[in-house]
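Just passing along the structure, written as structure tokens.
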Amino acid sequence: MKKSLIALAVLAASGAAMAQSSVTLYGIADAFVGSKEISSVNAAGVITKQRQTVVDSSGLNGSRWGLKGSEDLGGGLKALFVLESGLNIDTGAAASGTSLFNRQAFVGLDSSFGTVSLGRQYSAYDSVRGTFLSAQGNSTSFDATNSATINTALLTGLPNTATPAQRLASLNSYGGRVGAWTGYQTRIDNSIRYATPNISGFQAAVVYGLGENKTPTTDATKNASVSLTYANGPIGVGVTHADDELIQDFHVKNTAIGGYYDFGVAKAFLAYNQAKITGLAKQKEWAVGVRAPLGATTLVAQYAQSKGDDLGKSTSVALEGQYSLSKRTTAYAAFNRTKVDLPILTSDFKNSIFGLGVRHAF
Amino acid sequence: MKKSLIALAVLAASGAAMAQSSVTLYGIADAFVGSKEISSVNAAGVITKQRQTVVDSSGLNGSRWGLKGSEDLGGGLKALFVLESGLNIDTGAAASGTSLFNRQAFVGLDSSFGTVSLGRQYSAYDSVRGTFLSAQGNSTSFDATNSATINTALLTGLPNTATPAQRLASLNSYGGRVGAWTGYQTRIDNSIRYATPNISGFQAAVVYGLGENKTPTTDATKNASVSLTYANGPIGVGVTHADDELIQDFHVKNTAIGGYYDFGVAKAFLAYNQAKITGLAKQKEWAVGVRAPLGATTLVAQYAQSKGDDLGKSTSVALEGQYSLSKRTTAYAAFNRTKVDLPILTSDFKNSIFGLGVRHAF
Amino acid sequence: MKKSLIALAVLAASGAAMAQSSVTLYGIADAFVGSKEISSVNAAGVITKQRQTVVDSSGLNGSRWGLKGSEDLGGGLKALFVLESGLNIDTGAAASGTSLFNRQAFVGLDSSFGTVSLGRQYSAYDSVRGTFLSAQGNSTSFDATNSATINTALLTGLPNTATPAQRLASLNSYGGRVGAWTGYQTRIDNSIRYATPNISGFQAAVVYGLGENKTPTTDATKNASVSLTYANGPIGVGVTHADDELIQDFHVKNTAIGGYYDFGVAKAFLAYNQAKITGLAKQKEWAVGVRAPLGATTLVAQYAQSKGDDLGKSTSVALEGQYSLSKRTTAYAAFNRTKVDLPILTSDFKNSIFGLGVRHAF
């Protein structure tokens, strides 16, 4: 899927060529034609809907390009780095504002004692979700457990004095990018990551983000996440916890456990998550999914929901059909429908999206 | 001109290397030292001029770097993608604001039935202009038919209540980047493109941009362009139409026909374009040009003009001498002089530019 | 350290591969865990301090990625280009705002008469400083002679009517990025550079930046710098002058001489600089440093100071231990303490930084 660009030191005099390990240039180009039904809610809780035809980026995976490499330093020691830049291929713009390597940027050392790395890195929670919790593997636009969730919108402006109506209004920013679960911080700036070696399928990791916004009167706000995973043959299990201090003394904490079992005819996923928001809400969340291979086609289905006294109930259902044109290229059809049910809403807040696309990895 | 970085999967065990198609890293570095005479006009139509010495980017072609690739999927099917980023090499900044892949970003499939692609793509009109209409082939800074035209400036703020004086003031933003023709949208975000296969030299293409700015009360503004071209041996002809809906119900429509014939001693170009701006103006535009090879040197000359009742008359004359240092590297001298004649102006509004530069493709 | 990605034109029919020179993809990933003591000063000159733990980018060298290449045009003529993008690997963001190739972007021609290039380029002064003046070789975060100096902060708002207190406040922006010397412009947009060939170790260079901000009533503000260097075996000497016209008729002029001698057990550096700021200040500055190799470890120490009647006295001391894990990968520990002494301050303004990191070049 990702390709090594081998550097050859061509010696003009001798014509000889020597291979060295070096930098890998890689990426994903993923776009789809789609139809979105997008809801808007006003301050009174009244909902209006509209349908729009779109060419969008990142149906199955976030479109990206990146540089990565590793160097064998001898004695089991390796240096490694990743610089990865997400993009919206429908417009060519960077995926998250204008930050260049907005997906990952880190450098580290790997040895028989594990891997230590410094930079902008995935939280330990996010790594577990993509592999062990969601049957859709972090599908950017269609994942029923997507962290870019509608529930996250409900947190906007917290814990300040935003009125419930103002919070509702923030739901509008989720134009067709859907998923039921409450959000966590996906990538952590200024972070240290340590991962143990893989021992008989077991691996643990911790990611700690320093915040670096300390002032004479307040501490830095920090992000911490840990994970323990087991993957061996048909079975995989992960447990993870993330504590994101969004602003001083205001935390969103997610704790999840989940896993899969590959029955051969299908790989089944089951996951549970608990989200606690300081002084505000506690949501119980679960997801169930399946990936069934049928020749070159893989059918994927997933249902996820989040429920609690304060953020109400949101549910998301997703279906995908993926057709492998090659190891690196997949054509797909995908659907997601996500619904939020809150007393203040005059009716259910629903977004749905259908897309037909192609993902090419290079 | 553009080079393939071949990915080699080096198998450590066997030492064998297998070639695969993969990603191509390519670009153009083009800079020149120049002298510009730039006019400024105030709201009363009074013109002042000044001359400035500059180091500028993109004399012959827009400086850029990009990633592209294709994969043979078997059965005549191919996957393909392009991510292309324009830059001003004189400052290192992105060419158009801060959007990363501001030139092109798309992914698609190619078969014996043609090519379908999704993303940010050239309009069908632009592709015809570069090959069939302009002898200067989309030269960024010197092309007499450049779409970044002075006439485009006259459209600024339309169709709102901008006064003619305010519109004139917008002429000032065209500091030496010149060309007579009225503008069209070069690249289309959120677009679907379909191009037929090349059949005996004939090829057709359509590009449709979805706008994606629909609201509960207004439709999305769209871009549509079509082209039909014929290229075979010494002869090439293209006809194309573009309809750019700049804002709701306000369109700029360009319809062009043109072509070249290669007499051996020189390649002659002739083109005609009609620009219609909803409720405002209709311009008749034409261009004539020639490319004459003299050993390693190619002399290029072109004259273009735009004329109408509402946007007046603008003319542009360009001369280029291109000297091939290699297939990939060209030294050049180039000149352009563009003039706008409008009743409201106290005298002709003139910009001229002379440059001496080098273009290197990698 | 930097690797060539050789383009191979694989001829499917014959299976033969031909090597061509092409584009090199290269970079540096450098991050450290550190502790900073950062001072803040208010308008009354009162200083407060705080200590913060950080993951920061660019301890030894600015993290970066870039593309470069050269092409042999025959007859001793070569085309060359560089596109280099600096980044903060701790966040993935571009190092200087959002400009893409913020470090270098140029294209040029090289012959037996020297090299001419156009674009965004290092000033001749900066090139001398990195090699001949500072024992730390432009270390980004720890260099005692860093041009991103505290003294530069004192110039903020000059030569306008900023009060001394307002100028002091600008000191606060130098959060742990330290060095004693007064600043100069490192990279020059819209510049022409000419460098002579290396003749028996001697080489001269001139860089001229055109400013390009001419108006009907004012000239463009320009940057000019020249250098003469000698490097042969154990000895290296450089002399350089830079005249940066920051705003109309307001210049910062730096004139430096310095060099090194490699005694084998250690390489000793000595440098002197004079900074003149139009109508405001004249600072005398010097630095002394040493690089001592001890097997795979290199110890580096440097002291620098700046002294004058108007900007007071600032001093900076730095220590580094660099351990080579390979030619391309270095682990390091580094320390810098910089102090500003001004009558208006109630006490010394001090910043210190300690870091433990890894630099990997690719």
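Each chain carries a letter (A, B and C) given by its place in the written order, and its residues are counted from 1.
Just so we're on the same page, a residue touches a chain if its C-beta (ideal position, glycine included) is under 8 Å from a C-beta of that chain, and two chains touch if they have at least 3 such contacts.
A quick map from chain label to UniProt name: A, B, C = Porin.
The shown structure was predicted, so the numbers you read here are calculated from the model rather than taken from an experiment.
Peer 1: Same residues or different residues: which describes how subunit A and subunit B meet, taking over half shared numbers as same?
Peer 2: different
Peer 1: With a Cα-based fit, what is the angle in degrees between subunit B and its identical partner subunit C, given to the nearest 5?
Peer 2: In degrees, rounded to 5: 120.
Peer 1: Calculate how many whole Å lie between the centre of subunit A and the centre of subunit B, each centre taken as the average of the chain's C-alpha atoms.
Peer 2: Spacing between the chain centres: roughly 38 Å.
Peer 1: Among the residues of subunit A, pick out those that touch two or more other chains and give their numbers.
Peer 2: As it turns out, subunit A has residues touching two or more other chains at 5-6, 25, 85, 98, 100.
Peer 1: Looking at the complex, which residues from subunit C come into contact with subunit A?
Peer 2: 3-6, 19, 25-27, 29-33, 40, 48, 50, 52-57, 63, 65, 85, 87-94, 98, 100, 325-326, 328-329, 331, 357-360, 362
Peer 1: Given the complex with subunit B, which residues does subunit C contribute to the contact?
Peer 2: 5, 7-10, 17, 20, 22-23, 25, 67, 69, 71, 73-74, 77, 79-81, 83, 85, 98-109, 118-120, 189-192, 210, 212, 214-216, 220
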